[in-house]
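Some structures are shown below for you to check.
Presented sequentially are two complexes of subunit A, the first with subunit B as partner and the second with subunit C.
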Partner chain A sequence: MHELIERSIRAFSEYFQNFFVYEENLLSKIDPRVKVVGFTILAILSVSTFEIEKILFIIISIYLLAFLSGISIVKLMKRSYLFPLFSFFIVLPTMFFGEPFSYVLIFSLRIFAAISSLQLLIISTPFNDVISALRALKVPEKLLNSLWVTYIYSYILVRDLLAILIARESRRVKRSGHIETMKRGGEALGLFMLRSMEKGEKVALAMKLRGEPIGKVKGSKLLIPYFLLVVVWWTIL
Partner chain B sequence: MIEAENISYTYPDGTLGFDELSVKIREGERIAIIGANGSGKSTLLLVLSGLLKPTTGKVRILGVNPEENIEEVRKNVGFLFQDPDIFLFNSTVFDELRYVPSQLGWSEEKIREEVSKIAEEFKISGILKKPPFRLSGGEKKRVALASILIYSPKILFLDEPFANVDAKTKRKIFEILETYDGTVVFTSHELELVESLADRIIVMSLEKRVIAETDKLNEEILRKADLL
Partner chain C sequence: MHIPDGFLDLNLAALFYLLSFAVLIYAFRKAEINPATLGVVAAAIFAAQMLNWPIPGGTSAHFVGGGLAGILLGPYAGSIAMSLVLIIQTLVFGDGGITALGANLWNMAIVNVFVGYYVYSIFRKYSEQLASFLAGWFGITLAATMAGVEIGLSSAFKYGVIEAASVMFIWHGVLGIIEGIITAAVISYISTRAEVKAQAPSKAALALIAVMIVLAPLFAYLAELVNYTEPLEVAAEKLGLNENSLWSGIFPDYTVPGINDYFGALITGAIGVALILAIGVALARANREKH
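On to the complex of A and B.
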C-alpha cells in the first residue's frame, strides 16, 4: 500500500515537472499574445457548455492543431489526463444524487478539453513569454508577479518533493508496517511543509535582493503548500 | 560488485541525465567520478546505486537486480546526497542517526551506544536534539555522513562529500574514506583529493559521456572534460 502511495506521489511529481516543459514546434513561432488569448478562449468555451458535440468539437480541433504543428498527440494527452481524471472521481458521487453517468463523463471531458487547450499553449510557449504576453494584454502587474512566483516556487517544491522521496527510499532498508509508514509519512510531509515555508521565505528574499517587486508573495507562499498538501493527499485517496 | 551495461538516464522532463555507458566496479575499489557541472555525475551515481531505474540498460549490485530484491541492496548500500537538505527528513539529528539502525532491528542499547560513538567522531554530540534542517551546511553534511556510516554499508555512494565543509572536516572525511573497509564510489571537484584517494577515476564530459577511465589525470583529459 505505502508503495502505491509513494508511487502516486512520484507519478504526480513527475507529471507536474512535465506540466511546464516547453518545446520547439511550429506553434512556438506564433505571437504569444495570440496564443494566450486564443487558447484561453478555447478553454473557457470548453467549460461553458454541456453539449457533448461542442466539447468533442473543441477537443478534436485542439488535437488536430497539435498534430498539424508536429506535436505528439500522445504527449499532449499524457500531459492533460490527470486533472480530468481527478475531476472524474470528484463528481462521480453525484450519481448517488440521481445524475446520470453521462453527466460525470461530460463534466470530465470539459476539463480535459480546457486543460488540453492550456497545455497546447504551455507546450509551445516558454512560461516567461506567457507572462510577457499577459503583461502586454494589460493584466495587472501584481497578479503577474504572484503568478510568476507561484510558478517558480511550486516548481522548486515539486522537484524537492521528488528528490526527498528518492532520498527517503535510499534509507528504507526494510519494509515497515502500514501504520508505521503512515505515521512516518505524515511526519515527513509535515516536515516538508515546514521546510518549504522557510524556503519560500528565502526565495522571496532572494527576489527582493535582486530588486524584483514581490507583490503578493506572502499569500501565495502560504497557499501553495496548502494546495499541494491537499492535492497530494487527494492523489493518495 | 557493481555491473552496469549500456545504461543511460533521461529525466521525466526530457533532459538527458547521462548518455549510454558501461561501468564495472570491483569489491573494495575506490572510484571517483569527475566532470564539469551538469556532466551527469550525480545522476550516474543515483542510477548505479539502484535509486533511479536506468532508462536503457541494466544495473546489477552485489549480484542482485535492484528491481527484484531492493531490500538486499539497500541494506548494503549507503548514499550521501549532494544536497543534504533533501537527505535529512527526520525531526531530530538523533532520529536521523538511528533511522536505519532501528529498521535493522538493533537493540535500544546498541543504538544509543553507536550513536554516541559516531556523534563524538563527527563532532555532532551537541546538536543531537536539533531539527536537521536548521543546521549549518557543513553540520548537515556531517550528520548525513554519520547517519550512513553508522551501519557500515558494503558500498558507499558519496555525492560531493568534500563540498561545503571546513578544512578539518575535509581531512577527517578523507581519512575515513582512505581506510574504509568496503567499496567507495564518490564524486568531487577537488582533483588533488581525487587523485590521491581513488584507485580509478571516471571522467565525464559536457556531452554527458565517459571520456576516460584512468588512475592519473593529465592536461589533455582535463581539457577534454572542460575542466581546464
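On to the complex of A and C.
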C-alpha cells in the first residue's frame, strides 16, 4: 500500500499547489463579478468560432491583459498548454480522413484560448471572491454555502485520509499485491467516509452557531470597458 | 473524464447546462441533508478522488466515486455532492471547461450517481459486494459513454458519435473494474459498521434514467442512417492496406454466423454483458469465501 500512499501524496501536492497560485496583481483589485462574467465571455468567444483571426485575437487579448497586470506569461502558458497539446494529438488522426492540418491546429488553439481565460481568472481571483461574485449574481445561497464548505474542508479531509492510510500502512506486516492494496485501501476509504459524515454533522452544527461564512463583493469595475472592447472587436473580425 | 472547453458545440453545452441545473435544483429540494454536512462529504469525495491507485503495468488510476456517492447519500444528495466537487475542480483547479461544466455535471454528477444508485438497489438483494461492484462499474462506464456521445455529437469534434462513444466505453469499461472493486471494498467495510440508508428516489427519476438508457441505441441507428463507416477501415482503404487477421474471433465483427447482423450484434452485446456480470459474481464469491 506504500505505493498508493506515495503516488497519492504526489497527486495531493500537485493539486494543492493550485491553492497557492493566487497572487496580488492589478487584476486582483478588479470586481470579481466583472472577472467571472468577463472571463466566461472570453471562453465562450474562444469556442464559438473556427476563424483563426478571432481565436488569435482572443489569445493575444488574454495574454496582453496578463502582461499588463504583472502576471507571468510563462506561468500562465505552463498552466494552459497541457490540455490543448493532448487535444492536438487526439484530433491529429482526423487528417487521415480528409481534415486539413489547419483544423487540427485551430481546434487546439481554441481550447488553449478558453483554458488560458479560465486560468487567468483562477490566478487573479481567490476562491472566496469567486463565491462572493456568484452570490451577487444570484446563485442560490444553499449551493454557495455547500461549495464554500467543500473548498475549505478539502485540505483538512485530505490530511485525515492520509493519516488513516499511513496508520494502516504502519501496521502492515506483509507485502501486498494490487488486489490486496485495493481491498485494504477501500477499507481505509470506508472508515474515512464514515468519519467524514460524522465530521460533516458536527461542522453543520458549529456553522449554525456561528452564522453566515461568506463576505461581500469588493473591488472596482475597471475591466468592463476592456471586455466590451474585446467583444466588439471580435464581432467586427 | 472531465470534458475541457472547445470539445462541445455551444448549443449542446447550453442544453446540458439546462438539463443538469433542472435535475440539480430538483435534487436540492429533495435532499434532506444540511448544506454544510453535504459540503464536508463532498470534500471527502474530493479527497478520495485524489488517491492514485497503482494498477498492474506500472500505471495508476483515479477513483471517481459517483456510484459510491449514490449508495452512501442517495441519488439526490449524492448528485449534489458530486456537483460541488466538479464545480470546485473547474473553478479552482481548471479541471474541465467552464462551457463544458453542464455536460460534466450531467455525466459525473447525475448519470454516474443515479445509475450507480439504481444498479446497487437492483442487485443488493443478491449480494452487497456484487451490487456495489456493479454500481461502480456501470456508473462510470455509462457516464464515460455519455461523455463520448456528447463529444461525438458536436460538429467541432470531427470524430463521429460511434467512435467517440466506443473509445470512452471501452477505456472506462476497463478502468471501471478498478472503480467497482474500490466501491465494493468501501461499501463492504461500511456495511459491517453502519447501516447504509440512502434516500429512496422518485419514480420520475427512475423514468429519466430509463429514457437515457433507451435512447443510447438510437444514436447507433442514426449513425447508420448517415452511412457511418469505421474510421480505421477508411484509413486502411485510403492507404491501400488489406486486412489479414490471424484469428477472427468467436464473433467476427460482433456478428453471429448465420444470424441477421442486427440480432447478432444484440446477442454478442448480451453475451459481453453476461461475461462481465459472471466475472463480477465470481470475484464477489471468491472474496466472500476468503472471509
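Note that the second predicted complex is superposed on the first by the 119 of 237 C-alpha atoms of A that agree within 3 Å, B and C clash if a C-alpha of one lies under 4 Å from a C-alpha of the other, contacts with A are read in each partner's own complex, and residues count from 1 in each chain.
One rule holds in what follows: a residue touches a chain if its C-beta (ideal position, glycine included) is under 8 Å from a C-beta of that chain, and two chains touch if they have at least 3 such contacts.
On a predicted model such as this, the values are computed, not experimentally measured, just so you know.
Counting the residues of subunit A that each partner touches, subunit B and subunit C differ, and the larger count belongs to C. By the touch criterion stated above, A:V74 is placed in contact with neither subunit B nor subunit C.
Residue contacts after overlaying the shared chain place A:T94 against subunit C, while subunit B stays out of touching range.
In the superposed pair of complexes, A:F192 makes contact with subunit B and with subunit C alike. Judged by the touch definition given at the top, the superposed model places A:E169 against subunit B, while subunit C stays out of reach. Comparing the two interfaces of subunit A, the one with subunit B and the one with subunit C have residues 18, 160, 187, 191-192, 194 in common.
Here subunit B touches subunit A in the complex through residues 11-14, 46, 49, 51-52, 71, 74-75, 77, 79, 81, 83, 85-87, 89-91, 99-100, 103-104, 131, 133, 147, going by the rule given at the top. Interface residues of subunit A facing subunit C in the complex, by the touch rule stated above, are 3-4, 7-8, 10-12, 15, 18-19, 39-40, 43-44, 46-48, 50, 79, 83, 87, 91, 93-94, 96-97, 99, 103, 107, 110-111, 114-115, 118-119, 122, 127, 130, 140, 142-143, 145-151, 153-154, 156-158, 160-161, 178-179, 181-183, 185-187, 189-194, 196-197, 199-201, 203-204, 207-208. Every residue of subunit C that touches subunit A in the complex is listed here, in rising order: 4-8, 10, 28, 34-44, 46-48, 50-56, 60, 62-63, 68, 72, 80, 84-85, 87-88, 90-94, 97-99, 156-159, 178, 181-190, 193-194, 231, 234-235, 238-239, 287.
Subunit A makes touch with subunit B in their complex at residues 14, 17-18, 21, 23, 160, 163-164, 166-176, 187-188, 191-192, 194-195, 198.
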